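Labels run A, B, C, D, E and F following the written order; every chain starts at residue 1.
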Amino acid sequence: MAVVPLVNDEEASVEALAVFNEIRQVRGTDYVNNFWRALAHDPVQLKSVWNNIQSVMAPGALDPLVKELIYVAVSTANGCGYCVHSHTASARAKGMTPDMHAELLAVVAMASQTNALATALGVPVDARFDPEQTKG
Amino acid sequence: MAVVPLVNDEEASVEALAVFNEIRQVRGTDYVNNFWRALAHDPVQLKSVWNNIQSVMAPGALDPLVKELIYVAVSTANGCGYCVHSHTASARAKGMTPDMHAELLAVVAMASQTNALATALGVPVDARFDPEQTKG
Amino acid sequence: MAVVPLVNDEEASVEALAVFNEIRQVRGTDYVNNFWRALAHDPVQLKSVWNNIQSVMAPGALDPLVKELIYVAVSTANGCGYCVHSHTASARAKGMTPDMHAELLAVVAMASQTNALATALGVPVDARFDPEQTKG
Amino acid sequence: MAVVPLVNDEEASVEALAVFNEIRQVRGTDYVNNFWRALAHDPVQLKSVWNNIQSVMAPGALDPLVKELIYVAVSTANGCGYCVHSHTASARAKGMTPDMHAELLAVVAMASQTNALATALGVPVDARFDPEQTKG
Amino acid sequence: MAVVPLVNDEEASVEALAVFNEIRQVRGTDYVNNFWRALAHDPVQLKSVWNNIQSVMAPGALDPLVKELIYVAVSTANGCGYCVHSHTASARAKGMTPDMHAELLAVVAMASQTNALATALGVPVDARFDPEQTKG
Amino acid sequence: MAVVPLVNDEEASVEALAVFNEIRQVRGTDYVNNFWRALAHDPVQLKSVWNNIQSVMAPGALDPLVKELIYVAVSTANGCGYCVHSHTASARAKGMTPDMHAELLAVVAMASQTNALATALGVPVDARFDPEQTKG
């Protein structure tokens, strides 16, 4: 159940509909995800998030699939079920194989385990991790 | 400040010292991180975590650097300062450039933002994300 | 699906029913939220939480609407879907407009993003934030 | 200890220094917080975060002090010590009194408590919270 | 909705089915929880998690019921609805009474509240909590 | 570094000092933890938290040591370093042995791992966990 009604095309403002149509064009599908329809009550936020995500997830020093894996990992740790679903789907669309998915889950599980141990033990950061030490 | 005293070589049990020495050999350094020294009060847990991390982080369908990036992302979302430091250091040792680091942070920041929005809006998962639909 | 059966009026203990009736009176409605019906298995906890929430959310140095906005923000960051729903509804009942909701979400999203960046960068607290410096 | 060296004025790129100077001008102080100095390794991210925070935190349907209170609340729930410090300082600079601070903490504590209870009880969202019900 | 199809007995690999059958034998029931069926896409991970959980939750210095209470507490704080359900059920099967459940929830709620307060106040760790002080 | 100055005995209000003295009497020590000194800016909150913690942590269906273990577990999952330190110390004072500590950590680590897996897999709650099924 959404906290706000999902905005359909008829209800969307001109600015929101323009973003919906850009999403359709970029993704090559008529379907617009619920996330964008929920966000459309605030067309400025909708446009800003859509633009940022386009720019952040574009190919760069990291390739788009790696970025999606990172996105799924963060969404899992933050407990966002919606985001886990949508970005696992995006990762598959960008080439994530079942083996890659299994390894992603294994790393996320391992990290969650050692995060808890390091916190429960209050482990102090090693002096050698200080980047100021290597600064000329 | 640690919750337990860090175990030095002299205080370590035979089993714990064996793991310390394996860490030294695998990593090609005499230095053993505080995390392992804090964990050494429970040599069974120490050995199990060290073995698992070796196996989970090994090359596979994902390469070791990608796995480190995922590890840093999870550690950030879980708020584990120690883990962020140690795995950012590991990622650098495995070839993470400043540009890759910057893109990692940008994805983590973007995901954190949309995770919050999806949760605050209670966005329902789209039916098309259901994997049972595509099951023969 | 609840972890415990929701307690209806017939099943409620005398103490729990008294709290249900006080909720009805204060809120001017016959409806008692699922949260209270789930909590009613422990009438002492039910009464204590209801009393505390009445006192904490009352007008004071901050007005009740501002308190509801803060409640929604915390519930979002903690990933509590139920609480996001119920306190967004309360905020609306206390006068939150769609524009205020949109700005609330924008601040929550912004904070989530910079929280992640500050954690991923391990930013040390500036000495000037130390309140002991300004203590006479 | 930071994960990256803090960038001082001499080390900053032209783009980063321009943001530092804009921060100085807007805030009427020569001091630039550690957060911005850590972020300055990626001038594009630095500029984007600074611009967004200016626009999100500006007066609107909610006043800037209320926005800072929300920021502190989210930062607390996300466990970001740096952000709690810096935004509590900002809230004070915008007029937060000790009484307002005390009430902020009381709401954050109350919400954290009921978030945990609602999650531990798996409370299902009441049908009446569905906004689609009230959609014409 | 699961992110991956749940694996039924017919679809399971030989290795996964062997774990399913071990679960049946150990628990004395034909029923295999959805968690294991979702994990079965990666039989190595399935076997490893099942083996670890058997060993970690076994009687030791802490009894199995206490371990389940701790499991429920962590799952609540991490916001994992599935885990709250399954481990509350396990705790009941191991003897958790309604009174014990109520006290568990009260402690979890209390801890969540003071965790938030300590973080919002940035309370520094008392020197006397340092275990190195008492090290001979 | 605290967000507020720690309140010493001379600076404490009459109400706050009364709580400090009650803490001293109950614990049989002159030392008052930093947590209470930070909270003392709001004597009402100080008294309320102190009273609640006395009542919640008292012997009941669960014994006080088990309650401390649960407190440490929640504090770890919530990433509250201060609380991990203070409640690990309390648990030791109430009889937690190194073996019990090691098992506590093992359960917390295991739960953190499976919480992440269940969330990343979006595992749906099994119908048999529904308590309404067993309601007469």
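Throughout what follows, contacts are C-beta pairs under 8 Å (C-beta built on N, C-alpha and C of every residue); 3 or more make two chains touch, one makes a residue touch a chain.
Note that the structure is a prediction, hence the values are computed from the model and not measured.
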Neighbouring chains shared between chain A and chain D, ordered by label: B, C, E, F
Most remote chain, CA-based centroid, reference being chain E: D
Most widely separated chain from chain F, with each centre as the mean of CA atoms: A
Geometric centre distance via CA averages, chain E-chain B, whole Å: 20
Chain A-chain F separation of Cα centroids, rounded to whole Å: 33
Centroid distance [mean C-alpha coordinates] between chain E and chain A, Å: 27
Chain E residues counted as touching two or more neighbouring chains: 1-4, 45, 49, 52, 74, 76-81, 84-85, 88, 102, 104-106, 108-117, 119-122, 125, 129
Graph class of chain-chain contacts, one of line, ring, star, complete, other: complete
Parts of chain F lying in touch with chain B, wherever the complex brings them together: 79, 84-85, 88, 98, 101-102, 105-106, 109, 116, 122
Chain D residues touching chain E - in the complex, by the definition given at the top: 72, 76-77, 79, 81, 84-85, 88, 104-105, 108-117, 119-122
In the complex, chain D residues that touch chain A: 1-5, 48, 52, 125, 129-132, 135
Residues on chain F engaged by chain E in the complex (per definition of touch): 1-4, 31, 33-35, 38-39, 45, 49, 52-53, 56-57, 60-62, 66-67, 69-71, 73-83, 85-89, 97, 99-100, 102-104, 106-108, 110-126, 128-129
Contact footprint of chain D on chain F as seen in their complex: 1, 3-4, 41-42, 45, 49, 74, 78-80, 125
